[in-house]
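Okay, so chain A shows up in both of these, paired with chain B first and chain C after.
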Partner chain A sequence: MRTIRFILQKEFIQIFRDKSMIPIIFVIPVVQLLILSFTATFEIKNTRLIIWDQSRTIDSRSLISKFDRSPFFSLEAYVETYEQGIEWLKKGKADQLLILDPSFATDLQMGEKGKVMLVTDAINGSAASLMNAYAMSILTDYNKQLLVAKYPLAKTAEPVELRSSHWYNPELDYKTYMVPGILVLLVTIIGMFLSGMNIVKEKELGTIEQINVTPIKKYQFMIGKLLPFWIIALFELAIGLVVARLVFGIPILGSVPLLFGVASVYLLVILGFGLLISTLTDTMQQAMFISWFFMVIFILLSGLFTPVESMPQWAQQLNLINPIAYFIRINRMIMLKGSAFGDFANTFYALVLYATSILTLAVWRYRKVS
Partner chain B sequence: MQTPDLIKQNEPNHVIEVNNMVKKFGDFVANDKLSFFVRQGEIFGFLGANGAGKTTAMKILCGLSAPTSGEINVAGFDVYRQTDLIKKNIGYMSQKFSLYEDLTIRENFRFYGGIYGLKNAEIKERIAYLLNRLGLMHAADKVLKEIPLGWKQKLAFSVAIMHRPKIVFLDEPTGGVDPVTRRQFWELIYEAANDGLTVFVTTHYMDEAEYCERVSIMVDGRIEALDTPARLREKYQAASMNEVFLKLARIKKSES
Partner chain C sequence: MKGFVLKEFLHIFRDRRTMLILFGMPIVQVLLFGFAITNEINNAQIAILDESKDEMTLAITDKILSSGYFHLASVLTDRNQIEPAFREGVIKEVVIFEPNFSQRFGKENQAHMQIITDASDPNTANLLYNYTNAIIRDYTSKSTQLATPPIQIGIETTMQYNPELKGVFMFVPGTITILLMLISAMMTSISIAREKELGTLEVLLVSPLKPWQIIIGKVIPYILLSFINAVIILVLAYSVFAMPVRGSLVLLLLESILFIVMALSLGIFISTVSKTQQQAMMLSMFVLMLPTILLSGFIFPIENMPLPLQIISNINPSRWFIIIIKNIMLKGLGFGYFWKETLILVAMALFFVAMSVKKFNIRLSK
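Let's turn to the complex of A and B:
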């Protein structure tokens, strides 16, 4: 115990004496949380719409005004020809082109179908389908309005009515969804990079040789190296939760001690990862590249930015070895659903198993003797 | 002509005994059947050109590197099975300066004192003793970055002997240091040896070899000569150790 205390003392002195560490630990995560949470959004606001209105009637204008009033569309311009409209899309000055047939109004009055065409810039497929969906809902709405106007006796245009209710995130606010995930990223970055770099740095400077020649035990050295970053990362999580609460108004429905309990096990996995990488590399550059390699894959697979359910089967299976995916899942459950331990016990046991195996592997790989 | 020194083995006052030590890296033989011993309180010089295998051998003796074969006993313990006991009883100063540059002198001492299991009072007392001897008490709370290289080497030596080991291994301790500091450094070594410490030192400064009680000279992974400096000069009819070394290297070259 005494030996570990001396290592801890040394590590903390070194961490806090390094002037660049304070901003790395305290400023960068908060900035990341703020920026990522505001920018990583799934919503499409302000679809830039241009219109080729060949009808120019009251009917066509009433449809257009529905688009104009929607918060999801901003009316950029009217074009005079089809080619002109395509030109706008090509130059990226507009996202969608709405074309109304010359006979739009007369068709409606004759009881025929009024023809409308929608051309969407679909370079970003998921954005395009969202824009389409918004436009569709406006058109559906318009249709209903016409039907009710035409047959005033029918109380409603739809015999079956669907009422949907969104649980856990009633406003469908993307920040509610993103922030718990981004919190996970923050502690992961601190855990994986700082711990791994720390040991590789001693290798690079040669100071590790002086340690290896002492009777220090492997486990003492590792605990002394990992504990500081374990503490710092948990502290970081606390800051993140406060920011989530104050800035984004995201409540923590579940138990805070439970959340920290899971986080402490999760961090063992991440620290173990950093440690393992540090035993396999000789320079900080190598360690950095390998850490990034895993980080990027883990983040993309984790379902932070895109739903895991829409990934191919093999990619979903890769998530079995993705610690980030486990913790994001649990974190969202605790924070947003108020889940209790029993609700995610299996995921938690998977993390425990993961932590045990990776730390064993890392301790085994660490060599005092070459 | 073998001196009696080379045959006597298993003596109680031998703190290092090495028999047929071999270290291979793949096909490359870094240490080819080394055999020697070092007496208690002796200053033993381990000489050789760069790449002769000195550091490799020293790392094996310190438990930093595993030997391929051979019998090796350090401070009364077996190098294969009792590395932790060996480590308690030795000090080591590596070729590359390896104290923490971002810690103060006192913090470095305290850290290593703590790791070797010294009590807090002992740590305090030894820091005071060692720094006073170096005349560096006033700089105790200076960060190492701000301290000149010459001082750093002396500090590294003091840290290496802080836990009062039986043997201290010095790997080219005076590399890159000016002659005056080198001289002072050797005075420290003498002082420590007078207190009964065994000093095992590698160097490629041949003038430093004269300060050692016995020296071994390694060429291409083998020990080619081992004796007191005076007897080596006599045997090779040389005026200085430098000449002895050059002659040995030349003989080796003409053989191959």
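Let's turn to the complex of A and C:
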């Protein structure tokens, strides 16, 4: 026990001696959480619309004013030709071009279809389909209005009334979803990179030889390397939770001790991963690249940005070895839905198993001889 | 000078593991992005609570399940089961039919359904609700025998540049940017910081080589590496995902080189301000990686962010480079459309070079 205490002391001194690392460890993640949570949104609040109105009638203007009043659209300009409109799209100054046929009003009066064309910049496919859906809903609305005016007696009410309720996040606020995920991400980056760089740093600077000739046992050395980062990362999580609660007003519905319990097991996996990488590499650059490689894959597959259910089967199976996916899922469940331990017991046991095997592997791989 | 560049090359290529990752990474990432990362919904797990169980509710259920978007995970019998089902986290949506559904539909022409979504993921919740809504509307409009009045407006939609709404169109430019940024900025900053930490930089400085020669020598191998990587990604995007290069390929490659040079000078700048490898690494990780992913318009459109962040994103070089790539590859535009973005990148590169030279000289005079 005493040996471990000395190693711990050494590690802490080493971490905090480097004054410039302290803001990197504690301040930057919080700033990132604050900034990034606001950026990560798929909501389309403001489609920049331009209009080529060839009809110029009361009818066309009443349709246009519907777009103008909608909170989803901002009317940027009127154009005179099709080429002009496309030019706006090319320059990236507009997202959507609405074209009204010259005979729009006369067609409507003759009882024919008034023609409307929508051109959407679709490089971002999912945003484009949303913008299109908003435009369509305005057009159908207008259509309905025309129908009511024309056939006052026709039944336009829908025979099935659909009520919707969005649980856990009634206003569909994207931040509520992203903050718990980004929180996991930051804790992971800190944990994985600090631990991943640690042993390899001693290797590169040659100080590991000095430790190797001392009577310290393998496991003592490993515990000494793990514990400091484990404590730092948990501390970081606590700061992050406070920020989430106070700044973003995210309700933490579940039990906080439970969250920390899961987090402490999860961190063992991440730190184990870092240590394993550390024992397998010779230079910090290598260690960093390998950590980065796995991090990017883990993050993208974890369901942080895109839903896991939509991924192909093989990608979902890859997630079985993805610790980030496990913890993001549990974290969102606890924070947003107030899930209890019973709701994710299996996932938790998987994490425990993961932690045990990866730590065993790391201790086994670490050789006291170089 | 030639010998020095050669030495740097050997240094980098000797490290097999790093090499493997450097060239393996773009391939794995592009494939992952192309195949796995999608915002579309398919096979969402839903539950159905049918308090009516008549032919009409069964028909609607059938319609919903055969659409391909949904997969029936469980059949509920009681409203109290909804909450636990959501808490387990598998089910994303519950569809509820009220009792005597088809009777009320026939007699009163007003039947009720309820859709509850797990909106802890708001994007998916919204999409699921819209899909379900569309399916039900489609069903009712077909089953009502009333002569529905004709539709008054004919709408024609065009999806410009990406008619099939492919996700890769969005992700490939972003992936190129991330990888170039990573390889160029992170690798240089760390390798120079490493020489500092190990003390070998001093050895170089007392050699007859001039400081700028040392820097150039360090940078050349990375320019080559990054460039090869950019080409690999482009070839993959073109051959596997049929992503077009509608504009000039030469221009695209030239702009890539400009971005690489900018990233390298940023990397050198980071290495001059940090004392240890670890510092350089953490700085590039936090200052470069997450903003490059999130503040560049790679995944999330910049126009939807709060105004202060939109302003901050202006100092993010990746943002400008992504616009350039999209303009060339997808819109097929000429230089006239993005000379401003190019100019911004040039200015940033010059700025970082100037800052690093200043820092570097101070170091020497000490």
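Quick note on the criterion: the second predicted complex is superposed on the first by the 360 of 370 C-alpha atoms of A that agree within 3 Å, B and C clash if a C-alpha of one lies under 4 Å from a C-alpha of the other, contacts with A are read in each partner's own complex, and residues count from 1 in each chain.
One rule holds in what follows: a residue touches a chain if its C-beta (ideal position, glycine included) is under 8 Å from a C-beta of that chain, and two chains touch if they have at least 3 such contacts.
Computed from a prediction, not measured in an experiment: that's the story for all the values here.
Superposition of the two structures on chain A shows chain C fitting alongside chain B with no clash. The partner of chain A that touches more of its residues, comparing chain B with chain C, is C.
Touch criterion met: A:Gly114 reaches chain C, while chain B stays clear of it. Of the two partner chains placed by superposition, A:Lys203 touches none, neither chain B nor chain C.
Of the two partner chains placed around the shared chain by superposition, chain B and chain C are both touched by A:Asp18.
In the superposed model, A:Lys66 makes contact with neither chain B nor chain C.
In the overlay built on the shared chain, the residue A:Tyr151 is in contact with chain C alone; chain B does not reach it.
Of all C-alpha pairs spanning chain B and chain C in the superposed arrangement, the closest lie 12 Å apart. Once the two complexes are overlaid on chain A, the chain A residues touched by chain B in the first and by chain C in the second are 18, 205. Contacts from chain B toward chain A in the complex involve residues 59, 62-66, 83-85, 87-88, 90, 92, 94, 96-103, 107, 110-112, 114-117, 143. The touching residues of chain A, when paired with chain C in their complex, are 18, 20-21, 24-25, 28-29, 32, 35-36, 38-46, 48, 86, 89-92, 95, 108, 113-129, 132-133, 136, 139, 142-143, 146-147, 150-151, 154-155, 157-170, 172-174, 176-177, 189, 193, 197, 201, 204-205, 281, 283-286, 288-290, 292-293, 296-297, 300-301, 305-307, 309-312, 315, 329, 332-333, 336-340, 343-344. Chain C contributes residues 15, 17-18, 21-22, 24-25, 28-29, 32-33, 35-45, 84, 86-89, 92, 105, 109-126, 129-130, 133, 136-137, 140, 144, 146, 149, 151-167, 169-170, 182, 186-187, 190-191, 194, 197-198, 274-279, 281-283, 285-287, 289-290, 294-295, 299-301, 303-306, 309, 312, 323, 326-327, 330-331, 333, 337 to its touches with chain A in the complex. Residues 2-3, 5-7, 9-10, 13-14, 17-18, 205-207, 209-216, 368-370 of chain A touch chain B in their complex.
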